[in-house]
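You will see chain A twice below: alongside chain B first, and alongside chain C after that.
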Partner chain A sequence: MSFAWLGERIKRRDAGSVFLIAPLAAFELVFFVVPFLILVRMSLNANADPGFYQPAWTLEAYRAVLDSGLYRDLVVFSFELGVIATVIAVSLALFYAYAAYRADGLRKSLLLFSIILPLLTTLVVKTYAWRPLLSPNGVLNDVLVGVGLIGSPIQFAPGIVGTVIGQVYIVFPYAVLSIYSVLSTMDWDTVEAARDLGASRPRSFLEVVVPEALPGIAVATVVSFAWSVGAYAAPSQLGSGAQTTFAMEIESLMLTQFDYPTGAAFSLLMLAAMLVVSLGVMRLLTGSVGGVEGV
Partner chain B sequence: MASVTLSGLRKEYGDLTAVDGLDLDVDDGELLCLLGPSGCGKSTTLRMLGGLETPTDGDVHIGGEPVTDQPPYERNTSMVFQSWALFPHKTVLENVAFGLKMDGVGSDEREERAREMLDVVEMSGFADHDPTDLSGGQKQRVALARSLAIEPDVLLLDEPLSNLDKRLREQMQLELRNIHDEVETTFVHVTHDQNEAFTLADSIAIMNDGQIEQIGAPREVYDDPVSLFIEEFLGDTNLVEATVTETTEAGVVADIALGTEVELPTGDASVDAGDDLTVSFRPEELDVKRADASGGADADGGPSITGEITDVLYRGSTVRFYVECAGEHLFFEQSVGADTDFAVGDAVTVSWDPADLLAFAADGDRVGGGGA
Partner chain C sequence: MSEVELPRERVEDALFRAGYWLVFAIVMLPIVVVFVTSFQQGEYLTFPPQEFSLRWYGQFFASAEWLSAVRDSIVIGVGASVLSTALGVTGSLAVQRSDSTLARILPPLILLPLLLPPVVIGLTLLIYFNRVGFGSTYLNIIVAHTLWATPLVFFVMQSVFARFDWDLRDAGMDLGARPSRVFYHVVLPNVRSGVVISAVVAFIVSLQEFIMALFLKSYEVQTVPVLAWTSLQSSLTPLVSVVSAFLVAISILGVLVSAVLMNIEWLAEQL
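Then we have the complex of A and B:
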């Protein structure tokens, strides 16, 4: 039997694959690679006082970012916000995804639909919607004061509480979907087997469900963390001046202070830092189960 | 080790009744097969035994203790699942040691006991393997070892052999028997495969529509089926319509659709002339000879009919022949290489011993006693 036809077929498929991938490759090139290279070039220019930048080849902008105590504080706060929002969002998402996995019929559809629904609204609008709920004269305070839990209103927003809630709200759907996609392939029999062999409900969850969901938890963690460290919408709309993230500072450098080289250098440094941290998190969470090929 | 008693067990899912007032006793150390077609409620019954389903009504007793409301992790039963349900993120050894870990057995002891169990199922060479790398038969052995490691009072097997190929399945049936003899635990084994039930069981309980239709030793059930359902389920047979023409002391005389009358030794069963019956001619009870060579069909005095071979099916080690007699089709089987060989179009004489025939009334109940 000859395999010539197989080779022909593979060749044909190769041509087809290139054809299919071309629009995506072109899009990536025009809207990602080229702007990224412009950003790299910009970060090597010198800043100019009147004007956006002065053409040059210098690492001055990088030195300015690394030497600044203010920027260091902003970065530390950004990472703190990232860790807190990620821990809350991923823990809640694990239980939510498990509930959706266990539900069936209308309840399952409802649980999944209510996760998709917020994704259909603009980020800024849905973040802003928390303002009237969390502000000192907002709905939440009215309720808490009304039932007598607190004597006087608490300022949830603007402030750290509002910022964290807003950020968790933004990343929660992505965390749920990452975990649910992995969990949905889990064989329920394995959980029953664990219970049958003497594991209580919480124990069977820890021993069987969590290891199964781990690749999804890893993805959820990286997505939530990367997004929350670079948070912009939640802290700018629900935070006070104390909740300034590096993303807000870069926006200010670019659009208010017109210091393009410093803004570009700050962006690239944070990008590198996030890449290292994300890879570390991914490795840490999936190393014990032998990679994330299953995702 | 413990006996099992199910009394008045019911399970309803909305409008659907899966198990409908089932009573069952399993003796201590017995290997009972719950046999039935899909959807008869046998798996649901097993899951209620294991605590994975809560009965709508009725009681479960294990070793005389009521356990109806106990969750699975408090009962000392252990299930081998159809999918085997091995934990994919644990090694084979960790899988087998899991139940002991949940029982709080120290890590050295549980490793030792898990290794012993792997020895019993001949999987000791695979202790550090990932379960996902194992073949179906190997997974099945590990699942069995995992369930046996906790020394359950009752081992529940939910069609664990149904995903294996035929040769492996038959080998595992024998091994399961041997393991049962070795561990002396009560086994309840659910299957839809009658051959598997006959091979394995000390006793067989045949289920239909959420109830137990008949229970007994394999031989007893096969020789003395109580209903048409059992007769059809236990093996391929020839069912022929008949009408009672007269009742005698020994039984009845019936006009069968094969164009002849037969005497059915049904004893003093309550049938009257004119009643419709279904008569089962089991293929192994039919004696078929070439019509021209038999030298008189009634030579041995038994009833017989003549017919023509219409189809010959080769089924591996056996050949199945179809005979048309008076418009009805009967089949019988012979081993490949048997002396007599028939071809399509051959005229044959089919005879039988009336004592081997089984008769069933219109409602499916057996009429009188037949074979054994």
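Then we have the complex of A and C:
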């Protein structure tokens, strides 16, 4: 077998790869990278009368967003919701992913099914279905009043409780699967060993399972956080006026006020802020940045 | 170790089990609500309903507006599924077999749309399509959904190709078969389940996606979730539960198909 032939073969294989990779690379370039550059360009245009913008190179739109007290409140609330929903979703997800990892047979299939199904269900269904459960005359209130825990019905939705429940429900499946996919490669013997050495179950969980799951927890945190800061469906469907997020304002800027430069600038500022927070979380949880795989 | 610990372990076990079944019940609850309320009689969505009827199913099938949204959703779902499966499978195959710079930067790049809030992608594409659009709402939404579905296809196929024995392919090549024939006769039969699952998942993701579809809808074309959303703005009608029941049923079917082809554990690790 001659080396020239081998070289030829490798070259041919590479040429084939280029041919195969080209469509995907072109698609991402034309429909993701270029639109993003246009978004950046749009944020530098000047805002004109409703529905129009003036081609320009100005930071006016950024200044308008940063100076606005209303927007500051929206941003603060969006980040609060992001943190609260992420903490609840990731803690519950760690527990549930561990349960799915430990289960076997039909039970494992049921637990995984209960995660994949909501994952593949539209946001609309995931949010509105909570309304008859959380409203003042809903099931939760009936139960709580019935057992005497509360005297009179509480309005969970519309309100902050409903918003948080809805948002946690939206990101929960993604968080579980991020953690589960890491846990599923873990060797149970390590945990057994810790227990044989006298570690209690909670301790073996905290000191063996959690560190193993950290990369998954990091991915779960970043995904839950990005989606919860950008929450749209849960606060609009289950919140009251006090639960307005940045994403709802973007929707209104783009689809009602047609103020493209401000919408673009606002989005880019939020993305920058979210990126900083996400990198911080990744560094905190994994000790290094990067290495995110398989969401 | 001692006899005191045995009951304690049993209590821990019971609590652990009670804990995850409680979460299971809460996670499934909204899905139950959707199915049950789709059969209710009253005007206003109530759970549990007082009386049952097929009234809202009748209304759904009689509504031209809903049926046209169903058609739009199917057109877009099929389009997004075909496009993202084609791009994802070829791209994944290429990345698997190459270590060029492009093959290294592409995976994180295609993952990015999944990590951005959908509202941001919606607005980015809205601005873009307003300037250089196809002038077709169908194509606009298909492209948006393909941005989302492609990474799923891509990573499912990465794992499928990783399990494929590439020596088989090389043997086919050594025997003189053209690459296209080798792909068709040797590679494809081994990865067919993966491709089918990818296409099914891509279709479902497109069918259920709502925020990008909301930003890119037009007067003539809007998907089922978008129409459901707009109807909910005016009233909490059980008609939405009928539509939702269909949407959830399609997802259940998709999960079952995938579970039969591979298994549910594998699916959970890929998504």
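Everything below uses one rule, namely that the second predicted complex is superposed on the first by the 272 of 295 C-alpha atoms of A that agree within 3 Å, B and C clash if a C-alpha of one lies under 4 Å from a C-alpha of the other, contacts with A are read in each partner's own complex, and residues count from 1 in each chain.
What we mean here is this: a contact is a pair of C-beta atoms (placed from the backbone, for glycine too) under 8 Å apart; a residue touches a chain by one contact, two chains touch by 3 or more.
Quantities reported herein were computed from a predicted structural model and do not represent experimental measurements.
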In the superposed arrangement, does A:Pro211 touch chain B (first), chain C (second), both or neither? first
Larger contact residue set on chain A - chain B or chain C: C
Using the touch definition from the top, say if A:Ile250 reaches chain B (first), chain C (second), both or neither. second
Is A:Arg203 contacted by the first partner chain B, the second partner chain C, both or neither? first
Would you sort A:Ala194 into first (chain B), second (chain C), both or neither based on which partner it touches? first
Chain A residues touched by both chain B and chain C? 198
How about chain C: which of its residues touch chain A in the complex? 1, 9, 12, 16, 19-20, 23-24, 27-31, 33-34, 37, 45-48, 86-88, 90-91, 93-95, 97-98, 100, 102-103, 106, 108-120, 122-128, 131, 143, 146-147, 150-151, 154-155, 173, 179, 201, 204-205, 207-211, 214-215, 225, 228-229, 232, 236, 240, 244, 247-248, 251-252, 254-255, 259, 264-265, 267-271
Please give the residue numbers of chain A that touch chain B in the complex, ascending. 187, 189-190, 192-200, 203-204, 207-208, 211-212, 214, 289
Contact residues on chain A for chain C in the complex? 9, 13-14, 16-18, 20-21, 23-25, 27-28, 31-36, 38-39, 42, 92, 95-96, 99-100, 108-126, 128-133, 138-139, 169, 172, 177, 180-181, 184, 198, 201-202, 222-223, 226-227, 229-233, 237, 247, 250-251, 254-255, 260, 263-264, 267, 270-271, 292, 294-295
Help me check something: in the complex, which residues belonging to chain B touch chain A? 50-52, 71-73, 77-79, 81-83, 85-90, 98-99, 102-103, 146-147, 150
